[in-house]
Amino acid sequence: MFFHNKRLQYTVRVNESNPGLANLMLEQFGGPQGELAAACRYFTQALGEDDPGRKDMLMDISTEELSHLEVIGTIVAMLNKGAKGRLAEGTESEAEMYRSISGGGNDSHVTQVLYGGGPPLVNSAGVPWTAAYIDTIGEPTADLRSNIAAEARAKIVYERLINLTDDPGVKEALGFLMTREIAHQKSFEKALYAMEPNFPPGKLPGDPRFTNTYFRMSSGEPEHRGPWNQGEQWDFVPMTQESAPVDGESGLATVQMTEEDAATLRAMATRTMSNPDSDPLTGAELGMGMGMGKKTGTP
Amino acid sequence: MFFHNKRLQYTVRVNESNPGLANLMLEQFGGPQGELAAACRYFTQALGEDDPGRKDMLMDISTEELSHLEVIGTIVAMLNKGAKGRLAEGTESEAEMYRSISGGGNDSHVTQVLYGGGPPLVNSAGVPWTAAYIDTIGEPTADLRSNIAAEARAKIVYERLINLTDDPGVKEALGFLMTREIAHQKSFEKALYAMEPNFPPGKLPGDPRFTNTYFRMSSGEPEHRGPWNQGEQWDFVPMTQESAPVDGESGLATVQMTEEDAATLRAMATRTMSNPDSDPLTGAELGMGMGMGKKTGTP
Amino acid sequence: MFFHNKRLQYTVRVNESNPGLANLMLEQFGGPQGELAAACRYFTQALGEDDPGRKDMLMDISTEELSHLEVIGTIVAMLNKGAKGRLAEGTESEAEMYRSISGGGNDSHVTQVLYGGGPPLVNSAGVPWTAAYIDTIGEPTADLRSNIAAEARAKIVYERLINLTDDPGVKEALGFLMTREIAHQKSFEKALYAMEPNFPPGKLPGDPRFTNTYFRMSSGEPEHRGPWNQGEQWDFVPMTQESAPVDGESGLATVQMTEEDAATLRAMATRTMSNPDSDPLTGAELGMGMGMGKKTGTP
Amino acid sequence: MFFHNKRLQYTVRVNESNPGLANLMLEQFGGPQGELAAACRYFTQALGEDDPGRKDMLMDISTEELSHLEVIGTIVAMLNKGAKGRLAEGTESEAEMYRSISGGGNDSHVTQVLYGGGPPLVNSAGVPWTAAYIDTIGEPTADLRSNIAAEARAKIVYERLINLTDDPGVKEALGFLMTREIAHQKSFEKALYAMEPNFPPGKLPGDPRFTNTYFRMSSGEPEHRGPWNQGEQWDFVPMTQESAPVDGESGLATVQMTEEDAATLRAMATRTMSNPDSDPLTGAELGMGMGMGKKTGTP
Amino acid sequence: MFFHNKRLQYTVRVNESNPGLANLMLEQFGGPQGELAAACRYFTQALGEDDPGRKDMLMDISTEELSHLEVIGTIVAMLNKGAKGRLAEGTESEAEMYRSISGGGNDSHVTQVLYGGGPPLVNSAGVPWTAAYIDTIGEPTADLRSNIAAEARAKIVYERLINLTDDPGVKEALGFLMTREIAHQKSFEKALYAMEPNFPPGKLPGDPRFTNTYFRMSSGEPEHRGPWNQGEQWDFVPMTQESAPVDGESGLATVQMTEEDAATLRAMATRTMSNPDSDPLTGAELGMGMGMGKKTGTP
Amino acid sequence: MFFHNKRLQYTVRVNESNPGLANLMLEQFGGPQGELAAACRYFTQALGEDDPGRKDMLMDISTEELSHLEVIGTIVAMLNKGAKGRLAEGTESEAEMYRSISGGGNDSHVTQVLYGGGPPLVNSAGVPWTAAYIDTIGEPTADLRSNIAAEARAKIVYERLINLTDDPGVKEALGFLMTREIAHQKSFEKALYAMEPNFPPGKLPGDPRFTNTYFRMSSGEPEHRGPWNQGEQWDFVPMTQESAPVDGESGLATVQMTEEDAATLRAMATRTMSNPDSDPLTGAELGMGMGMGKKTGTP
């Protein structure tokens, strides 16, 4: 069960109302790497988790991410305060209003016209948040890796936002949020490696013929190699047109069917067969004015 | 530049046409953890990459994932061959057709009616693939972690598909595809750790006050701890209602505005003020039949 | 700031693992009328709100909805417990596994194969949750009405779920959740009517020529009227082809342009002009085999 | 069956071609609160409705909303007329074209490059319209409340657009459209309250233990109350960590399973168990350069 | 301006309530090839069109498609009539209700639980309709081709639905709707070829070096050719690894930058450089238990 | 199986780093008419195709579109090179960074902040690519028409991008890509017309009563006709309110139900009946302050 306290996890002091900056901050409110995604990711994992320690950790961090969502959403709301009143009250001339809404140089017009200056769950392009951002699949050796990656991404987006903000209060709060992503990544790393073994993820082993093979699929000079495909642990296999398939069989696809299905399929193939030896007049040729004198020109 | 060879990377032998199984296989064709997602993920990273070795690796693996997309899509196409002809040619009675399309027990009706038995870029629920599945952000210490996690997820979904298929040819091809996810994860791990240092990701360091802190946000018994929040490297901080905010300030949000904006905002607040001391008749009360005699019952 | 307690707001006792029922329950977890939508709706409104009383109410109810999200998500997780283990461990034969996953008769195959039996933020069709479900626009006379409607919808979907569940523990928890939607609707109603006036919403008055007019746009017998278009407060205007436009002007659209733009537009119109007096040979006619003898048959 | 007349419901006179303003107008064409959403909402309700009077009303208003869609779409088309020709004919220098497309300060570049200056069904951020905006659930006590709210929202977005337009012809047409939302809201209100009773929505009553309870979930000073949680009709219950669960039971979740399922689940839990007493070396520590000398520093 | 008549364009007689069949019919109501897509496609084109004849045609056909939307939506509503009452009134036992909702074998559970048996704007998988289905770009030589293709697709999906329906009234109405797609395709074909020339679409000519070239990108035996790449009008160019690039230059990408930008980019490349000669210990190796003895095994 | 060569299909020389232009180019990378859509469209068709010649053609063109995706993505990456380094390294002042990111006048802020200057699979508005863009339905007479239309659209969007680029290297590469769309359209046209007959698409013939009928649905002066509805092949039928339905029957919808279902439906209708003769007090009237003195004013 959740509880709320009116104090934020971190104090927010915004120096100046600025709807353009508010719009950029939406990346970490309703964007793919933002706090709603983080909170939902860990919360749903916690509900499904059967290891009591990981369950507690996931719920703790999820709850903290909700508190971060409140911090970043509050920053957005504060940055929008001035704009919110102006449009609702219609106190400027229409021409001034249009200029101030369109002149921000980013998508803050959407936040203002559609969302009235509140903090909507969209990213800085106005794209609504979607659970398609969440990649939880219910297996901890995969989900913890997903969480580690998610924290790394969120850390970077905060870093970018810090780099383009000169409001010291906003900068400080963003610095706090960014730091917490580092701490969370560390926790998820500990939880992953406390599972022994955790690689390969899941239960089934790989096929030993292909576990240590690196297929070079991209030819051309120069070729750069590194620890990801060189060294004794790797079989480095440069693929050519002749190397397909890797199983040494035909490389073709086959399916067995009932005779009735096969006959029906042949009927369909016959009905939709193209005549390879024709040179039919086409719509494109009609469109070039070749309908009558056919095949006399090129576009 | 890409080239194609008509032989598959791995030979596909399907034992029996089965549109229900085809539908489940779509998870790895047009699903979030599937091969299109993998190919697009590494391809877009390769285009933006400035390290020549990583760029080569990303393009190699992307090209292989395209080849896997062809393998899994071919499995789908083969499993659908029988159904495809039947609906197109209308050779069964309508009642039989309806039963065979609706009785599969999963969403294969969509694949058949809407997509005609071809392999569409949707998951097994019929949800169209979206680039929202791709979490690339253009910073290698984050993107490589995202790739590691993506390979782990794909490995698991293949494992699940293997667990519910008893067609030996399908099983074998899925086993190949699953194994390659293991090999790719290993390559991405090598590439990540060949960047020194790679943690914290990005350039800005964290705020040392909060980097090693674990906030316990979820109370209640029993409490389970582990290496993610215990040991000398962690400051374990149980949060209570009194601990907000963690910066020791007010925990409130403030913004500075021009006096004009502030006045406009006050005007809006006054216009939309709720009267806390009223007890207004409401629509719900009207809806309970309390419009005239007001507040005499409860729903 | 948020806090969490390990006890649920309402005790959950599930009588029997049932992934098919779990899948239906997803409507109120990750569906459009579900608890995540409710929590996000009120939370974002609370952040933007300038009336202190409404802000408190919105945050209270949002926090409770998060607690409901935990209850319904826990129901899903419990209903899936049996299935989760079976697929992860691969303990059944593949054929049995396929039957149990495909035979449920609804989309539980997605929950199991893609999400591993955890509670994903999707609806019962597997469609990922999207913030497009949230209709907050940052104006309380509209948002409170949206909230009233949202609570009414959620109440109904719970009612439907109760009608198709015979597990007494699930039924009881759903009954609690359904009841709280009633209570929340009542609070939002009070908050709306504590704003005086609240209709028309916003600040601008309507044009008195059209505020009380009902346009009958749909003709044919029989015609049914009611308080929504009859009585002294309504001008009932049956529209005919002759009544357009309602402003008594031309009903046409005009725009003024610079002469340069107008000339460019004319050039484009000329370039893309269709010849109304031609009878061109078309691709469809080619496709019917009429390319040479043109216009002699019909499909 | 539908019919169309070439005259608009309201005459449109646009003073000046302006693609930036056109882009903002898209909110009411293809945006969530726009006319397509309104028309589709009432049309689908009309098809499913069993009350003849409401069915007529819904079809009337749906048809009028289609006519409004035509008015607002025509405004967009007129505002784009100049830009449409210029890009299609390539009559300006590329540099001028780039400036005029990018310099508008909002997303009009999308409308021009992708949609060629026509009116696309997207909002002002370029997000395609989705039926996820429509919240109809097929129960009139809920749907009518949704309609009331939808009209209130549409009224407000028109008000905002009016506040930032100084073209008198556009302003006048927007004023007409805004006014009609007021009239429609009034009709839907009448239809709702002509159902007696209409609260609680649906058929099942609430649980009397929780119908009049207000749970205070958010603590901290100051506390603001109002008619939504004070007065004799409310039980005001301040929740603390000790109050969970509200049913007085354990607040825990349980599920009964077959012994076979339970054993499989235990096997999975054992396989994926984390070792709470370990202090494993992690990838993050490797990434900080701690692989060999382990646990000697912090990021 | 639109008008409505209560009579359908085509009489609908449904023989038997059948929610499973209703669900399949949704493909042509809220699916990608359905009537809403058709109506919106032509309606938005009509608004932007500058040729008076095409504008009239587009509005005529759009209006007819709206009338078709009403016919197919009415079929859905009629097929759902029985189910709608049962769930709303809760007249069956919960177990019977669950079976009847889950046993349909397709996604009708969504239509019933979430949409209450009304006709929602989703496809047969429950995926909400999106304007991403509409491919209008505001250039008639392209849009008319898109319309021709859209009518062909809609014709086919109707054909499939006819093939699996044995209700004679439904079959007859579907036959009417299918036929009208044929007629509409014919109209759009006439309109396309009444533009002379219409190929290549748009204004800019192609580069004559590449207009008649067919690049063979896919090698392997057997090779099948046809009128699309053989005959005197085609230059057939088999591509090999050596043929890139086709312009005879380097095939590399270059960009000019300010020296400051170049220096910053170099700094970033240095910071994120991977060490190609390392053989780092990785997280995967830790996960295999190789943290201490490093590089001694394989998964 | 796919292979890759490091040389592009066409050499890319970008004259100047320009993130604003990069953003516009995204239309053909991750936009609806872009190269990913093209490649996926033909690739999925190739997998399902049963005609060997068409299958080869589809795979050839799909492979070339992948190569185009690489060309356009490389252009995006090159145009972003300068911006990418600046934000990652934080070398400018925050205020300069903010200005350069927000001042571009289009959505390049998203590409930079969220995607770090890499080429994301989004369109120029930042909307993620979705498989909903792909309209393949698995029937060649429809799919080839869809392909023809898709090539026409892609050609036009390239033409627009060429019209607003003055970088000669970018212009040249775009010219190549545009030209190839022309060549591909020609191939698809040949393949369509090599199927004889190909109209009407599919197998079922139309109903001869309605195949050649044009319904005039839109009245009002002036009326423009053309080859799409005049000439001896057309029956031109002006529809009036009296002409519905076209089948000469009642134009009403009926469904047969079991008596039990009918009784349940009647019960539901009675429960949710509106009282047509009431004049209920409504929430809107309460909101206007009419709660006590009812019906005395208008908004």
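Which chain is which? They are A, B, C, D, E and F, in the order written, and residues in each are numbered from 1.
As a working rule, a residue touches a chain if its C-beta (ideal position, glycine included) is under 8 Å from a C-beta of that chain, and two chains touch if they have at least 3 such contacts.
Computed from a predicted model, the values in this text were never measured in an experiment.
Counting one step for each move to a touching chain, how far apart are chain A and chain E?
Step count on the best path from chain A to chain E: 1.
Show me the overlap between the contact partners of chain B and those of chain F.
A, C, D, E
Report the chain pair from C-F, D-F or B-F that duplicates the A-E interface, where duplication means over half of the contact pairs agree by residue number.
Equivalent chain pair to A-E in C-F, D-F or B-F: C-F.
Answer with same or different: of all residue numbers used at the interface between chain A and chain C, are over half used by both copies?
Over half shared, hence same.
If chain A and chain B share one sequence, what is the angle of the rotation that overlays their CA atoms, in steps of 5 degrees?
180
Taking the mean of the C-alpha atoms as each chain's centre, how many Å separate chain D from chain E?
Here the centre of chain E sits 24 Å away from the centre of chain D.
Averaging only over C-alpha atoms, locate the centres of chain B and chain D and give their separation in whole Å.
It comes to 22 Å between the two C-alpha centres.
What whole-number Å value describes the gap between the mean CA coordinates of chain E and chain F?
Each chain reduced to its C-alpha mean, chain E and chain F end up 8 Å apart.
Please output the residue numbers of chain C that touch at least 2 other chains, ranges allowed.
1-9, 32-33, 53-54, 56, 59-60, 63-64, 67, 74, 77, 84, 88-90, 104-105, 107, 114, 116, 122, 125-128, 130, 132, 137, 139, 141, 148, 156-157, 159, 162, 182, 185-186, 190-196, 199-200, 202-204, 206, 211-212, 217-220, 224-227, 241, 244-245, 251, 265, 268, 271, 274-276, 278-286, 299 - these are the residues of chain C that touch more than one other chain.
Can you tell me which positions in chain A touch chain B when the two form their complex?
3, 5-17, 32-33, 52-57, 59-61, 63-64, 67, 74-75, 77-79, 81-82, 84-86, 88-89, 91, 130, 132-133, 135, 137, 139, 141-142, 145-146, 148-150, 152-153, 155-157, 159, 162, 175-176, 178-180, 182-183, 185-188, 190-191, 193-194, 199-204, 206-207, 209-218, 222-229, 241, 244-247, 249-258, 261, 264-265, 267-268, 271
Give every residue of chain D touching chain B within the complex, in rising order.
Residues 141, 192-193, 195-200, 205-206, 208, 211-212, 219-220, 224-227, 231, 233, 241, 244, 274-280, 283-289, 295, 298-299.
In the complex of these two chains, what residues of chain F are touching chain D?
Chain F residues touching chain D: 20-21, 24, 27, 31-33, 104-107, 123-127, 156-157, 159-161, 163-166, 171, 217-221, 239-241, 244-245, 251, 265, 268-269, 271-276, 278-285, 299.
Which residues of chain A touch chain D in the complex?
For this pair, the touching residues of chain A are 1-7, 50-51, 53-54, 87-88, 90, 93-95, 97-98, 101-105, 107, 109-110, 112-114, 116, 122, 125-128, 139-141, 148, 182, 185-186, 189-196, 203.
Within their complex, state which residues of chain A touch chain C.
Spelled out, the residues of chain A in touch with chain C are 1-9, 30, 36, 40, 43-45, 47-48, 56, 59-60, 62-64, 66-67, 69-70, 73-74, 76-77, 80, 84, 88-90, 114-122, 128-132, 134, 136-139, 202-204, 280-283, 286, 291.
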